[in-house]
Amino acid sequence: MPANGSKLSDDVIKQRINASEARVFKAIFPSNTNHHNTLFGGDALAWMDETAFIAATRFCRKTLVTVSSDRIDFKKAIPAGHLAELIARVVSVGNTSLKVEVNIYLEDMYTEHREHAIRGVFTLVAIDEHRKPTTVL
Amino acid sequence: MPANGSKLSDDVIKQRINASEARVFKAIFPSNTNHHNTLFGGDALAWMDETAFIAATRFCRKTLVTVSSDRIDFKKAIPAGHLAELIARVVSVGNTSLKVEVNIYLEDMYTEHREHAIRGVFTLVAIDEHRKPTTVL
Amino acid sequence: MPANGSKLSDDVIKQRINASEARVFKAIFPSNTNHHNTLFGGDALAWMDETAFIAATRFCRKTLVTVSSDRIDFKKAIPAGHLAELIARVVSVGNTSLKVEVNIYLEDMYTEHREHAIRGVFTLVAIDEHRKPTTVL
Amino acid sequence: MPANGSKLSDDVIKQRINASEARVFKAIFPSNTNHHNTLFGGDALAWMDETAFIAATRFCRKTLVTVSSDRIDFKKAIPAGHLAELIARVVSVGNTSLKVEVNIYLEDMYTEHREHAIRGVFTLVAIDEHRKPTTVL
Amino acid sequence: MPANGSKLSDDVIKQRINASEARVFKAIFPSNTNHHNTLFGGDALAWMDETAFIAATRFCRKTLVTVSSDRIDFKKAIPAGHLAELIARVVSVGNTSLKVEVNIYLEDMYTEHREHAIRGVFTLVAIDEHRKPTTVL
Amino acid sequence: MPANGSKLSDDVIKQRINASEARVFKAIFPSNTNHHNTLFGGDALAWMDETAFIAATRFCRKTLVTVSSDRIDFKKAIPAGHLAELIARVVSVGNTSLKVEVNIYLEDMYTEHREHAIRGVFTLVAIDEHRKPTTVL
């Protein structure tokens, strides 16, 4: 049995991780900004959670709920009139849970400048019809 | 001068088109659905326009406005509890305008089933600070 | 049988078209604008689709789904702090489908100036309980 | 000087009232409903205020702020899957203020049934650039 | 039987009123403002209705619907970049209905300045499973 | 100088913490829920960030930005048709930063049942007009 605790080989897991990656581009408009004219942190968190959920669902095709987020660092404010790309990717596969890393990159609209802005890791658990944890694989 | 009407070679254009592609994954929740429990068509149109705008901006790094959308076919309804992926890609480069094709794919959450649902083409024009058309390249 | 393919006379159709017209006034506030401070094109499309749906439903009182939008031209940008009126009207009645034209007029708040801004035509199909096309009349 | 307190004749006022009437049709979707599956009362109030503002602005073409709403009766709950039409109309013209009546009609999607659901009256005051009350006419 | 028309003593009622008070703090961001950069009156009304509903539900733990709002005065505009606190409190207990007063206080972000901005009273009725009025206590 | 690193006594700090606590009650309606009919985790995160920001701002009356969230545990899913109360409270005062704990309590609408659902800690930094960290006290 492979080290990842399932009957699947590490190669199959890796391939499935690549295939389940979820990307979401956003244009930052006034409806998402606070009074400093930068992206409201709460919107960033909500987008990260949704993108993590999508990547995790595409990885295991099970019913999933978010059970925790690890420490999230907001390194860079994201001003209105910029683009942001969220990339969510499974980084760890447990018995009944998955960890998904989400990175947000900030991109200028009018130059090629792109930099890392926010990183977070979300833990999701697969549940069965009685809302009890079940295997992710 | 290359056939595409700019000083850039077709290879450079092609490379830039690949690099500017924009992807947006969505989970379809009750807030996006009509009373048939499927994605509200207007939300699909709004998401397509935003994704087209992002791909076009990333292609030319100019100020852009949408001037038209071509015929859009809604082949498949997208039910709540499904995933949808939008992929926007520049398909034609004019002197002051770009055409961007946006496809929406419908994906089951709990199987690998994925199919094409909606296709549209949006035309955007690059404008200068006086809101006059300017070259995209 | 009248030329419109139904048992209803053209006069009855005309009367029903007049009665089913749907009007929607909007004040353009910051939550609907992009970073150029004009109405986000996606919001205009979403509003047009909803208004077309209302006019079509009021015309035939059947379950309807949008199947396509024809070419839509965004002639004029609609700046924040203006009013916009959408007017949707059935323009063609087929066997199982309707075409609805939607026009958006831009109105200054503080003068009588009003002008045509956006026009689109949406096709909707009447469906029965099995989601199969059914007659609109 | 006419009884309405301005230099305009009652006929001109009446004509202006007719021309400034604002209509807004809505389809009630899940995003507007509470857990009883009927239109959230707060959304109805927000829509009434916006429609009153539009009618009042179109009547006098001045900068206006809402200063009060009179008693509002919610006679009928508006269930999801119905249509609602708001009609706002100036009903009284003061020196620096206007009263606008807003009625909401509930309409079945699949029958011709239509009935009165909600009525309210909003008072708006015209303000100058120093936010001081100014004449509406 | 106590004067309030129920079997509960006035002291119990008073205690329950204190325990059911609902408070909601908001930061006013661009998505809630009109083109004067102040809180859109309709958003204030929607927030008041929701907060009144919460206080009333917590008081009687019955199914409630809003049946009317009394006159509401918007004394002060609430500018973007400020805080607002809504406080909802039952003020009158009838046989099948409750009256809830909602006050909105405006607070500067960067000073201790706080003042009263908006006041309204909402009437809610308790309903049974057939949507008929039922006793609140 | 008191242990908290400022010129203020611990008593004054404590008093200010009590006075700056921010409470936000919410009714969970369909627009906030995912396809399991429970509160979307992203909405919970967005609400927590906003409430933390309000408590921190009320504590120090400075310009603040969120720089990180510590581990957040989603102990209980919050179903539609329930109430949720967020309570945010400063728990630690540094030189240029504050830590704010936010707890979400889930409350039945129709019984007195209330339980703890989600807990998180957010770190905010005070910034000056050049966006450089500045003292919070």
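Lettered A, B, C, D, E and F in written order, each chain numbered from 1.
Everything below uses one rule, namely that a contact is a pair of C-beta atoms (placed from the backbone, for glycine too) under 8 Å apart; a residue touches a chain by one contact, two chains touch by 3 or more.
According to UniProt, the chain labels map to these proteins: A, B, C, D, E, F = Acyl-CoA thioesterase.
Note that the structure is predicted; figures quoted are calculated from it, not measured.
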Response to the item:
Per the touch definition, the chains contacting both subunit B (Acyl-CoA thioesterase) and subunit E (Acyl-CoA thioesterase) are A, C, D, F
Worksheet item: Between D-F and D-E, which chain pair is linked by more C-beta pairs in contact?
Response: D-E
Fill in: Reference subunit B (Acyl-CoA thioesterase); chain at largest CA-centroid distance
E
Worksheet, complete the sentence: Expressed in whole Å, how far the mean CA point of subunit A (Acyl-CoA thioesterase) lies from that of subunit F (Acyl-CoA thioesterase) is 22
Worksheet entry | Centre-of-Cα separation between subunit F (Acyl-CoA thioesterase) and subunit B (Acyl-CoA thioesterase), whole angstrom | 38
Practice prompt. At least two other chains touched by the same residue of subunit C (Acyl-CoA thioesterase): list those residues.
Written response: 27, 30-31, 40, 50, 53, 63
Worksheet item: Among line, ring, star, complete and other, which one matches the pattern of chain touches?
Response: other
Practice prompt. Could you run through all the chain pairs that touch each other?
Written response: A-B, A-C, A-E, A-F, B-C, B-D, B-F, C-D, C-E, D-E, D-F, E-F
Worksheet item: Which residues, counting only subunit F (Acyl-CoA thioesterase), touch subunit E (Acyl-CoA thioesterase) once they are in their complex?
Response: 22-27, 50-51, 53-54, 57-58, 61-63, 83, 107-112
Worksheet item: Given the complex with subunit A (Acyl-CoA thioesterase), which residues does subunit E (Acyl-CoA thioesterase) contribute to the contact?
Response: 27-31, 80-81
Worksheet item: Tell me, which parts of subunit D (Acyl-CoA thioesterase) touch subunit E (Acyl-CoA thioesterase) in their complex?
Response: 36, 38, 40-43, 45-50, 53, 63, 65-74, 77, 131
Response to the item:
Residue positions on subunit D (Acyl-CoA thioesterase) within touch of subunit F (Acyl-CoA thioesterase) in the complex are 30-35, 40
